[in-house]
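Okay, so chain A shows up in both of these, paired with chain B first and chain C after.
And then the complex of A and B:
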């Protein structure tokens, strides 16, 4: 499974005084099982872009291929595309509506015309993958769950469709640190067990640095930067001009360096930073400073 | 002087089935000093938002009492006095903006207080200046960025001239720049003398407060100045919360046998210490 996007252009309110070019010649490729971090300030075009990926929006020009099929060409067959591409909006728990968690997770698969057994299997699998205990949770009302559990139930509803691509818009917003960590672990688990492409839209640079294989930075409807987290987060001046920033730990090390600390590496995670700082302190003591 | 007095507050929610009740707030007593900056943290469901809504009479105590500047929230006739004194800013700016033009939106509150039109203009302009949105006063809110919208929502509260503002996760939906903007405005309002209560999941934001309250299961489990609170980092982690980056790094380096002073909780201090 791969995604190829070529010269995508989208204009909001074309021909009105509010005309805005939301996507301005966007091209990129995503390979098999890649974890992509999509970053950019509010209004940079991230949401518009992902709405194209599952056919919610049609581009003015350009092409999108999902697994070799051009989804921008076909008039029909979008249902099939949406089945392949699971898109999770911000605060997906607002879209929970069924009486029980089971029914809510089963809603999507039920519409695929699957057998009861197959639906049941999918619901159990999805609840397991998101970390909701089936026995304890299946028959409960989704509205009685905690914030983190509701979020997981909503994600399970998308997982139950067995998508090849999972796109999540700020899936950890408003969650406490524990639920936040749970959701990220879950994404990793789902990618590994189901081999899906994950596209994570996030304002949390630390999460992106830790989780992503590839980072795409959007600014003014264009792809401003793309590469590995190490490559992208080496561009601190550019990122701050784009209204973004560095992962806090990367920024911390940079500030140490500005104060004269000799740290050669560019840590992106706490573990790496801990090593680097410890080594620096040892050298400093050795030098008698 | 305490602007907020909370005495043995209990607040119960009835569960969906109607039979069981859950104590969202279980016997909390608390004074908040006028002009202070308090951060309230706790996992989802710990009771912090319920507590906040009890402060401006959006929710009323099951038992116990809440006083805002001397007015008791359960006193029906005091509701407007209370809401004028204790304003509230929520997570999603889109849910808080009502007008098609920024300055109309900011005027909405004072208009409802029956303030004279001339005075309203004065208040609106002052409020817009205080959040650096005066230049954009004629814009439509939907043309603004998340951070700018949230600043308009804050201006709407500031125009009520409150003594106290409760911010309930005001930066949860914002990009890094928007978060910086809103934190900057919050710090400035505090410096101008407004009592600030900040509910957040971002630990870096709490180091700017002069007091941190940690809630769990409807009760206060820790209460004190940031440097003191973050000495309990193990307990904080057990409550499913994080500690600020500098505290985390200090803990890790201590485990490696390095003596990092306990009063270091901010990145800047930590950088200076390591590079001294």
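And then the complex of A and C:
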């Protein structure tokens, strides 16, 4: 499975005084089982972009290939594409509507026309993956749950469709640290068990640096920068000009260096930072002795 | 998906029409609507069309943008047209099966159809050139004399402001929920009418919940800023009648005079003939 996007252009409210170009010639490729972090300040076109990937929005021009099939030109048969691509919107807890959590999670799979046993299996699996206890939660109303639990139930509703591509638009926004960690753990679990492509839109640079294989930076409807997290987060001046920043730990090490500490690498995660500081202290001690 | 709805939309501009006092604009619109019902023949419509065309030209609202609003009520226009065409008795023109088109029917159909089109365009000119806030200010000010008989003018105006303000918000919310459910494999386009109505549940329930949530948040925010209704409330922008408003009033009177003159043209002519 791969995703290829070529010269995508999208304009909101074309022909009205409120016309805005949301996407302006966006091209990129995502390979098999890649984890892509999509970052950019508010209004840079991230959400508009991902809505094109499962045919919810039609581009003005440009092409999108999902697993080799072009999806931009067709009007029918998008249901098949949407089965493969799970899209989780921002604040997905506002789309819950069923009487019980079970029924809500089962909404997607039952739209796929699966058998009862298959649906049951998928609901259990999805609830397990997001960390919702089946026996305690399945028969409760989704509206009785806490904010974090609602979010998890909504995510389970998308995962239960077993998509090949999982797109999440700020899945951890506004969550407590515990639920935040749970959701990232879930992403890890899904990747390991099923080998899906994940596209994560996030304002949390630390999450992106830690999880992503590839980072795409959007600015003003264009792709401003793309590459591995190490490559992208090396461009700190560019990022701050685009209204973004560095992962806190990367920033910390950078400031240490400015204060005179001789640390060569640019760590992106706590583990890498620990190693770097350790190495620095060892050489410092060696030099002092 | 549903961004095409333009009824009640505002088209930003700085023209003479935009700047008119909203109270006057509401009155002018009412005069225009009434005059449409006074018109008896197509010459009268020509007068109305000319007045409308001049207003549109001055306001610089592009014609396609105005006509887009007609699309939404296209079915009503067609329905009125068909009903008038087939249901009016008179001299038969064409007969198709049990349907008969009469000369009078055709005349009525065109006449009524045009009236509807003028009504829609005329009233949409009001909303296209007036910011919702100004519009409700105008309504409040016009209703103010009725406060003596217990009409809560300010409260009504505030309700209207809020309703207008939240149309786009709710449309956006609907759009978002619809997309989210489509992404989960929901299908709103196929099946018979009952099936389709049932398929709306995944949209309607979250939408209702959102609406209540928004209302609650708004009430809280208003109370936090000490809102307590119209009593003793002052305004940032006071409405003032300016020279251009006087000019527009005169033009409106002229327009109404023309319409009445045209309507009674033959009667007046006869009267003149008799007196001579």
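The definition used in the following text is that the second predicted complex is superposed on the first by the 283 of 289 C-alpha atoms of A that agree within 3 Å, B and C clash if a C-alpha of one lies under 4 Å from a C-alpha of the other, contacts with A are read in each partner's own complex, and residues count from 1 in each chain.
Criterion: a contact is a pair of C-beta atoms (placed from the backbone, for glycine too) under 8 Å apart; a residue touches a chain by one contact, two chains touch by 3 or more.
This is a predicted model, so every value here is computed, not measured.
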{"item": "Residue contacts with chain A in the superposition, chain B compared against chain C", "value": "B"}
{"item": "Which of chain B and chain C A:261 touches, first, second, both or neither", "value": "first"}
{"item": "Contacts of A:71 with chain B and chain C, given as first, second, both or neither", "value": "neither"}
{"item": "Which superposed partner A:41 touches (first chain B, second chain C, both, neither)", "value": "first"}
{"item": "Which of chain B and chain C A:143 touches, first, second, both or neither", "value": "both"}
{"item": "Which of chain B and chain C A:97 touches, first, second, both or neither", "value": "second"}
{"item": "Which of chain B and chain C A:15 touches, first, second, both or neither", "value": "second"}
{"item": "Which superposed partner A:83 touches (first chain B, second chain C, both, neither)", "value": "second"}
{"item": "Chain B and chain C footprints on chain A, overlapping residues", "value": "143"}
{"item": "Chain A contact footprint on chain C (complex, rising order)", "value": "3, 11-12, 64-65, 173, 176-177, 179-187, 201-202, 205-206, 209-210"}
{"item": "Chain B - residues contacting chain A, complex", "value": "15-16, 42-45, 91, 145-147, 169, 172-179, 201, 203-204, 240-242, 245-246, 248-249, 252-253, 256, 258, 267-268, 270-272, 274-275"}
{"item": "Contact set on chain A toward chain B in their complex", "value": "40-43, 90, 141, 143-144, 146-148, 170, 173-180, 203, 205, 243-245, 248-249, 251-252, 255-256, 259-261, 270, 273-274, 277-278, 280-281"}
{"item": "Partner chain C, residues of chain A touching it in the complex", "value": "12-13, 15-17, 51, 54, 56, 79, 82-83, 85-89, 92, 94-97, 107-108, 111-112, 143, 157-158, 161"}
